[in-house]
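Dropping the structure in here first, questions after.
Chain lettering (A, B, C, D, E and F) follows the sequence in which the chains are written, and residue indices restart at 1 in each chain.
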Amino acid sequence: MTRVDGRQKNELRPINITTNFIKHPEGSVLISVGDTKVICTASVEDRVPPFMRGQGKGWITAEYSMLPRATEQRTMRESTKGKVTGRTMEIQRLIGRALRTVVDLSKIGERTIWIDCDVIQADGGTRTASITGAYVAMVLALHNLVKQNKLKELPVNNYLAATSVGIIAEHGEVLDLNYIEDSSAEVDMNVVMNDSFEMVEVQGTGEEATFNRGQLNALLDLAEEGILQLIECQKEALGEIVNLIGPKGGNKG
Amino acid sequence: MTRVDGRQKNELRPINITTNFIKHPEGSVLISVGDTKVICTASVEDRVPPFMRGQGKGWITAEYSMLPRATEQRTMRESTKGKVTGRTMEIQRLIGRALRTVVDLSKIGERTIWIDCDVIQADGGTRTASITGAYVAMVLALHNLVKQNKLKELPVNNYLAATSVGIIAEHGEVLDLNYIEDSSAEVDMNVVMNDSFEMVEVQGTGEEATFNRGQLNALLDLAEEGILQLIECQKEALGEIVNLIGPKGGNKG
Amino acid sequence: MTRVDGRQKNELRPINITTNFIKHPEGSVLISVGDTKVICTASVEDRVPPFMRGQGKGWITAEYSMLPRATEQRTMRESTKGKVTGRTMEIQRLIGRALRTVVDLSKIGERTIWIDCDVIQADGGTRTASITGAYVAMVLALHNLVKQNKLKELPVNNYLAATSVGIIAEHGEVLDLNYIEDSSAEVDMNVVMNDSFEMVEVQGTGEEATFNRGQLNALLDLAEEGILQLIECQKEALGEIVNLIGPKGGNKG
Amino acid sequence: MTRVDGRQKNELRPINITTNFIKHPEGSVLISVGDTKVICTASVEDRVPPFMRGQGKGWITAEYSMLPRATEQRTMRESTKGKVTGRTMEIQRLIGRALRTVVDLSKIGERTIWIDCDVIQADGGTRTASITGAYVAMVLALHNLVKQNKLKELPVNNYLAATSVGIIAEHGEVLDLNYIEDSSAEVDMNVVMNDSFEMVEVQGTGEEATFNRGQLNALLDLAEEGILQLIECQKEALGEIVNLIGPKGGNKG
Amino acid sequence: MTRVDGRQKNELRPINITTNFIKHPEGSVLISVGDTKVICTASVEDRVPPFMRGQGKGWITAEYSMLPRATEQRTMRESTKGKVTGRTMEIQRLIGRALRTVVDLSKIGERTIWIDCDVIQADGGTRTASITGAYVAMVLALHNLVKQNKLKELPVNNYLAATSVGIIAEHGEVLDLNYIEDSSAEVDMNVVMNDSFEMVEVQGTGEEATFNRGQLNALLDLAEEGILQLIECQKEALGEIVNLIGPKGGNKG
Amino acid sequence: MTRVDGRQKNELRPINITTNFIKHPEGSVLISVGDTKVICTASVEDRVPPFMRGQGKGWITAEYSMLPRATEQRTMRESTKGKVTGRTMEIQRLIGRALRTVVDLSKIGERTIWIDCDVIQADGGTRTASITGAYVAMVLALHNLVKQNKLKELPVNNYLAATSVGIIAEHGEVLDLNYIEDSSAEVDMNVVMNDSFEMVEVQGTGEEATFNRGQLNALLDLAEEGILQLIECQKEALGEIVNLIGPKGGNKG
């Protein structure tokens, strides 16, 4: 029995990463994961937030938003509501935290990398697509600092990508849920991993359901499969910069 | 002496209108005017705001925003600030007011057309590009209501487009200012016109400068030239729907 | 056929400007334009906003508000709503921008002139009455700086006044619309001009209607007539200070 | 030794109450108490707040504000700050509570009387001047309901006025403090009383000081003197309406 | 006729003060006044608010809140509403003002004492219980500064406690109203006094009723009785610190 | 090598659950996990939020807050800031989601159970202590509905508790981190489980670190140990109610 869009249980949707999609930012991509499309930009600011000042280290922070009509039904703008929802805050904290695990913050000086993920079309998995795309935008921005001789080497130690996995009544464990699947999933899990299959974030949630250790392991196996492919797409998008990624600037590509 | 980007004084930047750019909305376009790029969507809601209820008429309202890195320097999100700026409010009121002049609101039932203009890349003229693009998105959404037999005919009486004109020290009156020109302009004027060269909005502002009646007329002549071409681009984007636009559904194309 | 209040099409309502209406501010007036009454004050602050610092120049900014019962129906306070409406923001930006065109900001030092326009009774034309009254309050405040030897000369190059004009179905083009006329006008235009009949702001809006070039010219002719008279009222209110207004402090009165 | 403005310890500043100062409200006054000037309006709304609905009774509520330049130094608008200060909230709660004690709310139907007190010039005692003036505006608005046959009789049982008293180092207990006196007072007390010398509100505050029972009694004696005179001014302003005030509509004037 | 809970008219509810109830603050208590329970903490911050800087003096400020279910019906959190109510602001201003009258602010250096009163269970008199408890928490915090040799002596000149008194139809004047009594009281008065029976705050309010001078005196007599007992409870809670309280550090215990 | 407070790696801190800690709520507890203390209340409201109306089902939602001085340093109130932080939102969404997995919402009618978790003293693990305590408060509230015959049986299918586990450099995987441990942990994981060792939420986060599958399994083993003991404490606190918990009201105790 195939999934609603004909995919296998361990099959990602088509991935597309267009680099330099927007003119002004130091790094930018348009990432598509199936019908989910996110503009990710990375902006360099030559100072850090107050709690980081004077430590000689940098900071990476993220903001996430959806266009009002990225969704099936129009969603009210958060600027109109006058406040950011809990869901948005969770997502932007997650993106920032994840990206900080692969960058050597002590090597970027007192700079902030602002990540902006703006979902222009949503079909499930917007937060994981944001992380996967934001990684590329961030590397491009940092590479620009290297090209301008503001950094000696690219301070990025690993690749990093994210995907969702979940349990659906009629299919069991599946990889990369689209919106219809996500809405009916009993268990939903977001996994952020690096290229050594080390986890930097696992968020598994039973939606009025639960999951046992065996199911957890099956979900993580699927996530590893997906993340391997996502990292391949990132490498393709980054081209020669791939040679600069890895601990001590060594070639891990 | 040519302009900073080599254009003639009466020359528009390249215009491109991609229809159905986003999957979910009833109408959507990506419009580019030079390097200014705006996603315009039109969403249909089956009710009207409280002050309109029970009159059997519809309403058109607009929201406008910029992605944080649409601009040269990153701009803080209005959702983060917790409030919408005066500039944004001025622009969204302008867009809604302008579009309402070409639609017969008594023929769309108690529905609201929500226009969302999200600037993904900014290089001057974002409000006028928004109006020109939003017009097309709105017509597409209304045409969808016709196709679904929710409306008997397309209740759009005219074309409508907008452009900016201004006075620059070294060039005098020019058409369609980009960001660099706009920053140094002495007089800046936004003009919204329909296809009969009737004005629906003229907003001329001296920036620590003034303008006389002769200059005003020269600016309006330039605006007419530009709007004629913008309406041609709209017609091309709309294809056969053009035959449905005009008073009483007659062919004005 | 005469207008609702018996006026000719080119006739202003009675104008009254009381100077020094409030005790504390450096400059203040109560202006009445018919039944529209606005308290305008000008306050001097010995610093400029952050974006102006260190340039040796001054700044002029304006705030506008209505008492809740200035209007026919009580309006909720913006402080109670917790936010300023788009209409208010548009108006206060307009007032500040207009006044800045007639003052030589490089001659007032790093000072801010805060203009406050508080409408205590509204009957149409509150924004144009605010500009006309605020001009006088501002000149009084600047003149106080001259009297205190904080400024060498009065850095005001021109007179500046504003009025509304519009098109009403039964009358055609008319000058200085009151609230009833404004509510039914097809086209509404606010014009801010100096004493050389140079425009500093023209905002013409079709309210579900449009206007052509001929109508625009007729409206501007009416505006010129009105502004000439408004400037005469300003001169009368300012008394001997009139001799200090004009480029290089010359006598333009 | 006389007070800073030459008054005796038990002497009020000059009082002036101009009725119908603003055109639109059902009741309005401009009250001056020395240099303190407040526009008080009373507006009738034909419904009550949610917590009062269905009880067949009315409600009286008040809002208070200062123009930015009512004060010696310009004060930031609460609408700009986006919130109402604690001081403002205290005052508007006090005004509403006080006025409700003299009106028979069960006789005004499900209506709300909105009181707006807007201080246009401040020199101490703005809250007590607001209450004294608001009382007159409220009576005028209720009397209008009687004249329109919406109420059978004037549902006002008593007069009500307010004043401040305080203890100043060099003078001891004094009546009706102006701003300079208020700033240096050790004890500050606001008293709201009706025409039977019954208190409806007593708020005495030691400002880094205290007061004993004897001082409290001396202060209340002064307050009684002042309130007697304030009620005389209210009666003069109300003219013949005075005959309608009192329990059961009897003549208490 | 006894009161609803069997008390005499001049009888306080049972008082209990547990010191050091919370681990982290410099001073903390849990105070119970009958079923009203408040956690009061005092925190020391080594700076003062901007308006106090550079004067070599300290400041005391207070915040007050209720847990959502301290009350019979759940109350919405002020953080959820996004704003603090007028009632809360009144109370926190009152607490801070009262405590400042008994501390020699010139002897605590440029420090702020933050008082937090969080009502965990409410049964009337929460603001007066807060003051009585906060006094003890504040003394504990200041005593900690003495023990750490940051202050030479305890800069507390007096005891300070607060209670409510009121007039109830069936009982006349009563001391320490619980919630049921408070809801039906005609007159409600909060009194803050020091151990010399000097008042620092008297707030008497007629709730759609009034009170005369005789009633006021009877209420103050009751308040004195109550406050005497409350100060005894404070002394018991403070133990040996009692010997350090009084002008010039003398023994007033 | 023992942990900072002398515990074994798989040892919980002392747990204490006091039921009916607050008088008004339908269910309440004070839970202590070491020095972390949280007041958890459960309130029953006889309606559901708009998005749930008309489905005949109930809803459970949670709010979480800390007293300002629950922490080592005083934290500014969210009501003062005017907004709820992202951290708070994450936690309250987690609590609500977790509790909903063990209650049969179709059996509680159109009612909302409001959970309030107010941390009065914080020493790490406040969100997991909140869940463990809130479960007991919620069962007490639902049991009250059974006792009042508003529900036929207790609609609670499972026990539910939560704990934190983490990886610390010098100790490896440990159970139930206190604040000092949490601050230095490389990996931090919150686990919510029911009494069948089924997970309802797993949130593992590398803090500038990562974790592999083996470490994940070791952490989950520790969590299972802790949760088993926490559920024993819940059973003890619930007493005889234990006999009513389980699918179909069967005895699972």
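The criterion applied here is as follows: a residue touches a chain if its C-beta (ideal position, glycine included) is under 8 Å from a C-beta of that chain, and two chains touch if they have at least 3 such contacts.
A quick map from chain label to UniProt name: A, B, C, D, E, F = Ribonuclease PH.
Remember, it's a predicted structure, so these values are computed and weren't measured experimentally.
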Legend entry - Any chain in contact with chain C (Ribonuclease PH) as well as chain D (Ribonuclease PH): none
Legend entry - Number of steps on the shortest touching-chain route linking chain A (Ribonuclease PH) and chain C (Ribonuclease PH): 2
Legend entry - Separation of chain A (Ribonuclease PH) from chain F (Ribonuclease PH), taking each centre as the mean of its C-alpha atoms, in whole Å: 29
Inset, instruction - Could you grab the centroid distance between chain C (Ribonuclease PH) and chain E (Ribonuclease PH)? Build each centroid from C-alpha atoms only and quote it in angstrom. - result: 52
Inset, instruction - Send over the residues of chain A (Ribonuclease PH) in touch with two or more other chains. - result: 82-84
Legend entry - Contact footprint of chain D (Ribonuclease PH) on chain E (Ribonuclease PH) as seen in their complex: 83-87, 89-90, 92-93, 97, 100-101, 105, 194, 196-213, 216-217, 220
Inset, instruction - Flag every residue of chain A (Ribonuclease PH) that touches chain B (Ribonuclease PH) in the complex, lowest number first. - result: 22-25, 28, 35, 39, 41, 43, 45, 63, 65, 67-72, 74, 77-84, 88, 114, 116, 118, 120-121, 123
